[in-house]
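Before anything else, here is the set of structures, which you'll find just below.
In the two complexes that follow, chain A is the common piece, with chain B as its partner first and chain C second.
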Partner chain A sequence: MFDYTFQWKQAMAKLPQMLDGAVVTMEVAVLSMVIGILLAVVLTLLRLSGSRPLAAIATTWVEIARNTPALFQIYMAHFGVASFGIHFSPFVSLLIGITFNNAGYLAENFRGALKAIPETQTRAGRSLGMSQLQAFRYIILPQMLRIAFLPMTNQMVWAILMTSLGVTVGMNTDLYGVTQDLNALTFRTFELFAIAAVIFYVITKIITLGARLLAARLFRY
Partner chain B sequence: MIEIQNVRKSFGQMEVLKGIDLTVAKGEVLTVIGGSGSGKSTLLTCINGLEPIDSGKILVDGTEVHAKSTNLNKLRQKIGIVFQQWNAFPHLTVLENVTLAPRKVLGMSKGEAEAIAEKQLRHVGLGDKLKTFPTRLSGGQQQRMAIARALAMSPDYMLFDEVTSALDPQLVGEVLETLKMLAEEGMTMICVTHEMAFARDVSNRVAYFHKGVMAEIGAPDQIFGAPQEEVTRQFLASVR
Partner chain C sequence: MFDTALTANDLIFLAKGAGMTILVTIISVAIGTVLGILFGVVRVQLGAALAAPLTFVLDIFRSIPLLIQLVLANAFAGMVLKLQMSGLTVACMVLSLYTAAYCAEIVRGGIDAVPATTRRAARSLGMSWGQDMRYIVMPLATRVALPSWIGLALGVMKDSALVYVVQVTELLKSTQILITRLQEPMFLLLLCGAFYFIISLPLARFGGYLEKRWSND
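And now, the complex of A and B:
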């Protein structure tokens, strides 16, 4: 059982390639968060719109995103849509899948945050002559983002980790994809994936700490 | 001029305004007194269109508030309202609370809006709190900030909805002083209040509301000295 000889040196030689992969992982995660937050705001507005069909679209999105495997969402964004003749690169499919997931979870977080803001805040804004949208933009949204900040950080960590699912749609430029390819070439399975895990860990730790510093700067009250 | 003509309003089965007729002239200070559930607060929120009405008409300077064609956002620029719960915007400093609407609604530059906001905040005695966040202020200070916030829009009318009811007793005085100051400056005001001494002091007229009806209206001396209606007498006896 224990006749396996660790060959860290050989694995460590691949570190530069893996770090390049980590950069791609970060790109996917950051893009998926930025677009995901914007979409989640839109979904939140649709749910508040008072229009049943619009609210139903938003609710369906949230329900699928939260109650099906992320793997399914990414798979559908690649092989699912391919059935209709739509072909995305693995990068784009992975981005779409994670963004879809982010938007759904974040929209639900935003809804919870909105419940914590008294309705009288909107009323106060409206009575100063603001439109409904202005009251949302300048009074509700900033407070909502503050309350939802911690869940947003969690989702960002999730987005990083979800990039590992990209291998199922042929993604081989991100950290997990690169590691998998290197493994196929060298068979240093334990070493390579252990290094990848450490890189994932360091990235997510930096994000959590960075978020804490950002929160201290952003939220002055 | 604010003209209220036979206004009726119900919340479900409950009719809270049963045909109110009332005119408030420019420069007048009207206080509205009455028990809870008498409809007095509802009337205020109907005047600036926050609440719809079932029938009748409310005209502000000739504009029908509840007409479909009325631009409420525009109309509300000249009707300031301050609520029992002051509704400070917690994510903004005192100064930013006051500059927000002038900047976003009136399209003022930051500098212009800040000049006006500083003037109004000094006016209500908060000149030294500009950079403070509302959570650091007392209730009375937050309420005065809310008054400055409404005044920064240069409204022609101010509506005050029981603005001292949620305050600790020792903070009521400072807010009433602010209202009194505005009244003396000639602001047209409708104040819904439970502060009888204040009503007697500052009003041109006092209206007594009872179960959705304006039971009596008149000069403060008349209402407090020689009320004509039995319900008014009973109410005043109960609050004394």
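And now, the complex of A and C:
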């Protein structure tokens, strides 16, 4: 039954290529996270704006992002928009898909964080002569980002894991895509994907540990 | 006016895909929840140090993309063990363990949320460990855990879109097959997205409602 010979050496020889792929994976994840946070702040502002249509747009975004599979969102960004004659490269499609997803989830996290900040603080800021936007920028936003720091870390890990979906729209430069291509060449499926899994594991561990250190440094009082 | 080449047969094909999505989700969530409760209780019972190996293994399932877990399991079963397993079996096994890993975390959170003093009071009243678990911890922990569990079940439904990689034709894969033939990506994708959305949104809202209702008492 157990007559399979593992060929780790052959697979390990591909490690440099896979690490290059890991760099691309990181690029996508970090970019999607940075843009995602900015968009989530905008969505939060729209929800706070008091304008019905603007809040409805934000809520629709959040609900679609949270209630459909990430893979569907990436398909939409690649095959869906192709109906309108817009053709994105796999990298861009993947980035748009993950960013859309990140922004939705983060906006919901931010909403939860906002509940923990007393509304009186905004009013105090306003009575000190700040504009609504200034009060948000200098009083609410820093606290909101702090409270939502842990969910943001989780979302970052999710973003890393989601990059593996890029292969479905033809992405072949990220870690999963590279592994898939190598697999097509060598047929060492188990060995190659096991190495990819280890790389993914190490990346996510580095991110969670890094975030923990960062939190200890940023929020120490 | 709106015009599509979608036929009744195609709709049945899509419905079959949707059925597969639901089937995979129900099997995985059912097995995963049972395992998750088991792992969660064992983790709390053993304490952080003794449960470290279990924590480590469960953490792996949450730190590696599901796609890779599926490919690895499929390759391991097919190439290494030379078992004749259907894609559905592999998909359900992987998704169950994936669910269990998250569920264990939720269960642990729920049990930890029950005050130690309450449990000690139960034991002082002469309840056994089992009685304490059954009559004190379970009702209180469920209040904390159920909203997250609903979220997890919906998450598994959405993640089940990835099982196409082990040749299980679920909803998104059926949609993609139809897209290849009909060349109407936008319409078909909207149809598929609407299905997920219609199942997911009400349940997610219900979870949020429960969370709100049960939070301050």
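Here is the rule we use: the second predicted complex is superposed on the first by the 220 of 221 C-alpha atoms of A that agree within 3 Å, B and C clash if a C-alpha of one lies under 4 Å from a C-alpha of the other, contacts with A are read in each partner's own complex, and residues count from 1 in each chain.
Everything below uses one rule, namely that a contact is a pair of C-beta atoms (placed from the backbone, for glycine too) under 8 Å apart; a residue touches a chain by one contact, two chains touch by 3 or more.
Everything numeric here is computed off the predicted structure, so don't read it as measured data.
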| item | value |
| --- | --- |
| First (chain B), second (chain C), both or neither touched by A:129 | first |
| Chain B versus chain C as contact partner of A:80, first or second or both or neither | second |
| First, second, both or neither for A:121, with chain B first and chain C second | first |
| Which of chain B and chain C A:165 touches, first, second, both or neither | second |
| Larger contact residue set on chain A - chain B or chain C | C |
| First, second, both or neither for A:201, with chain B first and chain C second | second |
| Which superposed partner A:139 touches (first chain B, second chain C, both, neither) | first |
| Shared chain A surface residues [contacts with chain B and with chain C] | none |
| Complex interface listing, chain C residues touching chain A | 60, 63-69, 71-72, 75-76, 79-82, 154, 158-159, 161-162, 172, 176, 179, 184-187, 189-190, 192-193, 196-197, 200-201, 204 |
| Residue ranges of chain B touching chain A (in the complex, touch as defined) | 48, 50, 73-74, 76-77, 80-81, 83, 85, 87, 89-91, 100-101, 104-106, 133-135, 146, 149-150, 153 |
| Chain A - residues contacting chain C, complex | 1-4, 63-64, 66-72, 75-76, 79-84, 157, 161-165, 167, 176, 189-190, 193-194, 196-197, 200-201, 204-205 |
| Touching residues on chain A, where the partner in the complex is chain B | 118, 120-121, 123-131, 134, 138-139, 142-143, 146, 219-221 |
